[in-house]
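Here the structure comes first, spelled out in structure tokens, and everything after it is commentary.
For clarity, chains are labelled A, B, C, D, E and F in written order, and residue numbers in each chain start from 1.
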């Protein structure tokens, strides 16, 4: 998919108006309050990850609606903490997978939290998983998770996922292995969208993040994305609206509550984005829409001109290893 | 998709062993009993279908778990009944749609019931719809409905849908517009699978059907289908198992409870099947697996050699119009 | 196919110059006069449509070159007329099909005429059909009907089809079942292009239409369409010109005589268009080119932003049911 | 398209039963007699081919129904004859093209006749062309030429084309530039099918051919081809029958009159076939069906295991140059 | 691939800035000097091309690094010369093939040189071939030849190929069969790029060409091409840079030394280009970039609006036959 | 790609005859002797991998022809050795990448060697890389590495790569960090083929391996693979032979020297294979051909029925972690 979106020079100044509901902050304040009605109830069980250099714990905590959400916590073998902490969210279809699957931030010497995305994980499998135990999960939708409950912000799938993401931040604020003052969030694609969401909602949750590193983030500027690309998962929204032609207004209203652009406007943490100019899954203009609206002034973006949605891969990991080291040292 | 499956001569005698759980009948007896714990609570509201020749009612009844399931009832304008009744189930992604969308059996002078498939309908839209209001709907699954709750027969999506299908048969047994002794079930693809399921479970529900007319039915011989075709929706199962590589046994055990082959073995009503020999969505061998195992002796199948999943379309409708007329006259 | 064409705001004012030959009106006046040299010779034979609520007649009349063209006439069972009349033209590859296939306007209480498109119908089959019995049909062309006879307007395939369409209007003006003052034309895709053509040529034929309702119409602004889309059937023209590189001028001159834009400029009847913004078969700018040039001032257009060439389907049928009722009541 | 058909060892002995109508010979005898009712009326006009080494004539003769069919005659510049003669038929979508396009057999010192396929040529263009001036050309068909007039052998497109092919053989029997005793026929794909047809009908036409060299021939064993491949042009037949589901018997009856297998059974000339084992357009089993049934005992076949429908290209031309030289020397 | 690039009116004046290294001329002067350190050592061996009208010689000469490069020389049978000479370069994947494969310019009465492209030829095969016998050929690259040695202009694959192309021009300047004052270069796609390169470097090599006729040329304006199209072979560059994300600057610096735009700026010979407006392999803007920068004032371009990368084919050959005749007569 | 190959039951006993040249062992004995003429010259330079838990060395050693081949050596931070050692080879298009990219076996407490595949790596990039510095690399071939030098076993690309693989085993036999008695080889796809090759050649090199764990291995039973699949990279061979139709015998003779089946016949180490039944890149029958011929009696294979070429991923890594632990403990 050659460079189908705006030229780089235009992307760099692309700062579109994205609809923001008047009650955006109230909605999320209410949502988080509702979630906190459930005790966070964190549990950490050591698991055998088959690795000599890393200790892994099977973490559970109360997510949206009190659903037990699972995560791995990886730390250097024998570490006691408090450790600088990297919270990783995952891409659409993925989840935390096996305890040996992804330990890069623990290898770097940090605590590494890797959160399940409720209902997902079919791409990797890997044992116990986190269902989306909500009565709203089965509302009429197109295949996939993008339109589950989309007719109302209160029933929408990502309201629950964003809540899970924030609740995991709460967990980082009160655990002896984790240094509550040195927490960064990161992830690619959906995981990048969740990192932006976490950074945007962290102030509401009273959490001060040391950094936010979204890669080729998803869930940003839905209106443009749906009009611009045929790739899934944005395409799921068009598939839904191709049938329920009368639901577009309601659906986009709901999406405005979870749009990464609106969340970026509220994010204060230093940020390191990445974007790929041939990314047909998360088009570069949708990434720049969030980046250029990102509120924190300490921000930068790595551009991969010849990549599709795989983005920077090893190159970006190297950049993040350096950047996290700086953030944690700062 | 040229003729990729067995040659017709082999199809005609293809009668594979398909796994059947020992407690199959108990499972469904229990499931239906559980459903009947909810009062059927049928409601019929006249709606404006914009048509002069047909009267349409918006029907609701208690499906699995008591979920209100919607259907249209179309009858000739001014008809009083009792009328011979055609129950139509819909293909994957479809649902009852608009009240003017599909009235063919009412045009033929019958009562025509057109049932929503819970959670679905994104292909056609059309207003009010039936959600899958089950706490199990959000269990980890691949996009689509095929693997929702697949790890246990009690949580599986199609257990609920089949239950809805049977409960609608119950509704036909006690309504002045409908002739309880002259009820046939029909549908294409998923709707054909549901017709087989309804015919197979009707004896358990104490309903005697006058006919069962599944077109290019889906939901038959899952093991072969998943191995043979890359087309959705069977493909959803492979996508799920490609990740959760350790769930194949559990998943196929669950599927054995809803396999159209096992249901066909219990169906007594006269049957008119159709099959398309170039059907890459519901491969002909999976259709013949159900047809050749179908218990009722009064059965026939129309073969469309050069068609893909569209099957016989107008040709098959003509055949059904004739066949239903015979059934109802009989 | 995401939104690949102009943005909606630009579409709404898109009114391109489209080549119009000086002798456009003479050409069509002459063509219709030539057709009228053949007696219209309408015949109506009752057929068994297997439906209780609708009576169907097998209609034949002399089309271009005197070719007998077939149509169905559906009316409410037992109706005597004169009835408001809906003339339906069909999409490329389709034809009138079976007598039970499409009766929606008869169900609404009207007379419903459904015309064969000569030579076509391979998508639906359905029994007797209308060949394109012209000595020009076999002139060198690319597969399909778009370039048959394209080197001269007098030999072009659509000259014959448009003539058939107008001759069917003539039939509506003199039959006891049909109310000559309340006739509307409609159709989707090619059927929409034919509806525009019928409305544009109706004044020449002395017919006053009560409405014209083209859905996602084909056959409009060929020059843009061929340059913009790779989808068939517009693509057939590019395929022809990719070989006969020296025939472009002649071919586009011919097309200018049948371009829906030039016919829309002459159409007086009230109009209800539809357009889909992701329509890669009949790109929205080609639809708007016809709509914005449509001469009748009483016009509106329904926009389906997230649909491809399927357009509005049930939603648009609902809109047409309402709109026809208004037209016929007016 | 890897090796999807039978293994080579099975192909070599693949000699399927192919339906042959009882009146096959009568049909063709009658057809050729009907054609001969038109005077052959050959004309040869010198044309400027822009080449120094080759003289080219624009040939016309009366084909089926008396239609003037065009061909190029290329001879070495200044040649007077009689020359050994190669008659070339062309592949589907192609035609004789420009006078400079294909002169290989003239370069080899022979007379080279290159015949237009009526109605075709859109792939190459090239100026004057041969239309299919038959009233049957516009009978209902799927896009393309494969199903034009397919419901009856007397109206079928290839009846006319085969007749053209034979009439060109007649032309070779009586012209001072051409050596009537040293005539070979050749062509690739459709051209190969026509070469087989010409060789099979030559005895009926009283022509004794010196050789027949079909490459990857089309038009052989239709029943298997249509069931086996999705590639056009065989696919056109499935597309037609997918709609007109009730026409399969009539269509295959018609095809039996033009099936290359039945024509090969009657061909006496020495033969050099070629076949490609990855040929998804003309599957190898359909080629071997004709080859193994070919009546002439002096026959061989070149096998290209790793080629799709392009077959042997330069390799096969080299083989033919050698083989024709032998035939002409013999 | 419909018209995806700039509109024709913009193309006609499209004259983009393309990076040109300061030492461009020094680089090529040095490269050619380095090549001339090897004696040209031309050899011509008569070969049996199986053709009566054309004599063919198997030519070898010392290309870049002294590698023996092969070519065919075709001349009218028995010709003695000096003959006007057409040098043909070949498209990517092609090579000189068989001696009988392509003789068009010899048929026109000229000497016809057809050069192997080192390392290539897999598309046509054809016997002896020219390897790319350079120690740099195996440097890390993406599949294909586009990125072989791309990190430095001195190791880049096309530096060697361009050198071969120029050395063949040197051969034309001193052979009794060839008229050194009447030499034109031509070719399609990669062959067109090589023709431009030969014309651009000819002045450095002291050769005065009578004409340059590139068809749909490749190897022009790489930066735009790589950003604009997903088609191979330009796509190979994006594939390389998608992995080696840090090599873009070095790669594009290397490409600037072989960019057809920079070579066109130096070409003096009269020129006849061709371009296809639907060419997704060599997008029209990249062709126009070279054409509009072409230095020679006597230039024209044939535009094929409805063609993809096949361009003008027979139409363009006809145009070239006329144009070469004029050049050689002049 | 559903299950297109043999059924599992047939796969389990699939033990085809695969051509083996008489001088197979001589060829490899000579090849290795030739390689050993170059001093192995191993160098290990510590590099900053940005990881706290792992130490990484940039390794270089003399591969085939003396080419310096690069590898990473990862060990637990501060480890001194001798450590059990896992040698990892990489999949086609991949290479060792970044020092932080793949450290799983070091995390498990082992020494982890990750070897560059000469000439490759375009998929991941990552800095310094290993070119294929052979004069034979540029011999005519189809894009990719599969046919580079394929006409003779002595010039074939994989002769060099297999030699590199064995030379790295030699390196493991004499280094203080590495336990020469506890060395296993592993890799996926091409890496799996290289693991089999290393295990098959290890006896010739005097190395006793503790295990061989190929995942979905490539480079096995070429004749079947090329006939069965259209997926690259096997497809590269068909692309080459589609042009050079006369090179098939020579090419397959060359391939017989590197066929994983012939190497497996000589492999003694305990083995853990994996295979995916929907693998269209390395079809399961080609994997089983190697597995069933594998000489070592202590062997097992993990089957992933619903996976394409991704195979077992995390599931197989878990299995390997367990299996290596057993091997190293043994």
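Convention: a residue touches a chain if its C-beta (ideal position, glycine included) is under 8 Å from a C-beta of that chain, and two chains touch if they have at least 3 such contacts.
Because the structure is a prediction, the values reported are computed rather than measured.
Following the contact convention of this document, A, D is the list of chains adjacent to both chain B and chain C. Rotation angle for the C-alpha superposition of chain D on chain E: 180 degrees, rounded in steps of 5.
Counting the residue numbers that touch the partner chain, chain D and chain F have less than half of them in common.
Taking each chain's centre as the mean of its C-alpha atoms, the one that lies farthest from the centre of chain F is C. If you average the Cα atoms of chain B and of chain E, the two centres end up 63 Å apart. Each chain gets a centre from the mean of its Cα atoms; for chain B and chain F, those two points are 50 Å apart. If you average the CA atoms of chain A and of chain F, the two centres end up 37 Å from each other. Within chain C, the positions touching two or more other chains are listed as 124-126, 242, 245-246, 315.
The list of touching chain pairs reads A-B, A-C, A-E, A-F, B-C, B-D, B-F, C-D, C-E, D-E, D-F, E-F.
Contact residues of chain F toward chain D in the complex are 226-230, 238, 241-242, 245-246, 248. Those residues of chain F that touch chain B in the complex are listed here as 1-3, 278, 304-308, 310, 312, 315.
For chain F in complex with chain E, the touching residues are 93, 118-127, 129-135, 137-145, 147-148, 236, 239-240, 242-247.
Residue ranges of chain D in contact with chain E, taken from their complex: 50-54, 76-77, 97-98, 100-101, 103-104, 106-109, 124-126, 313-315, 317-318, 321-322, 325.
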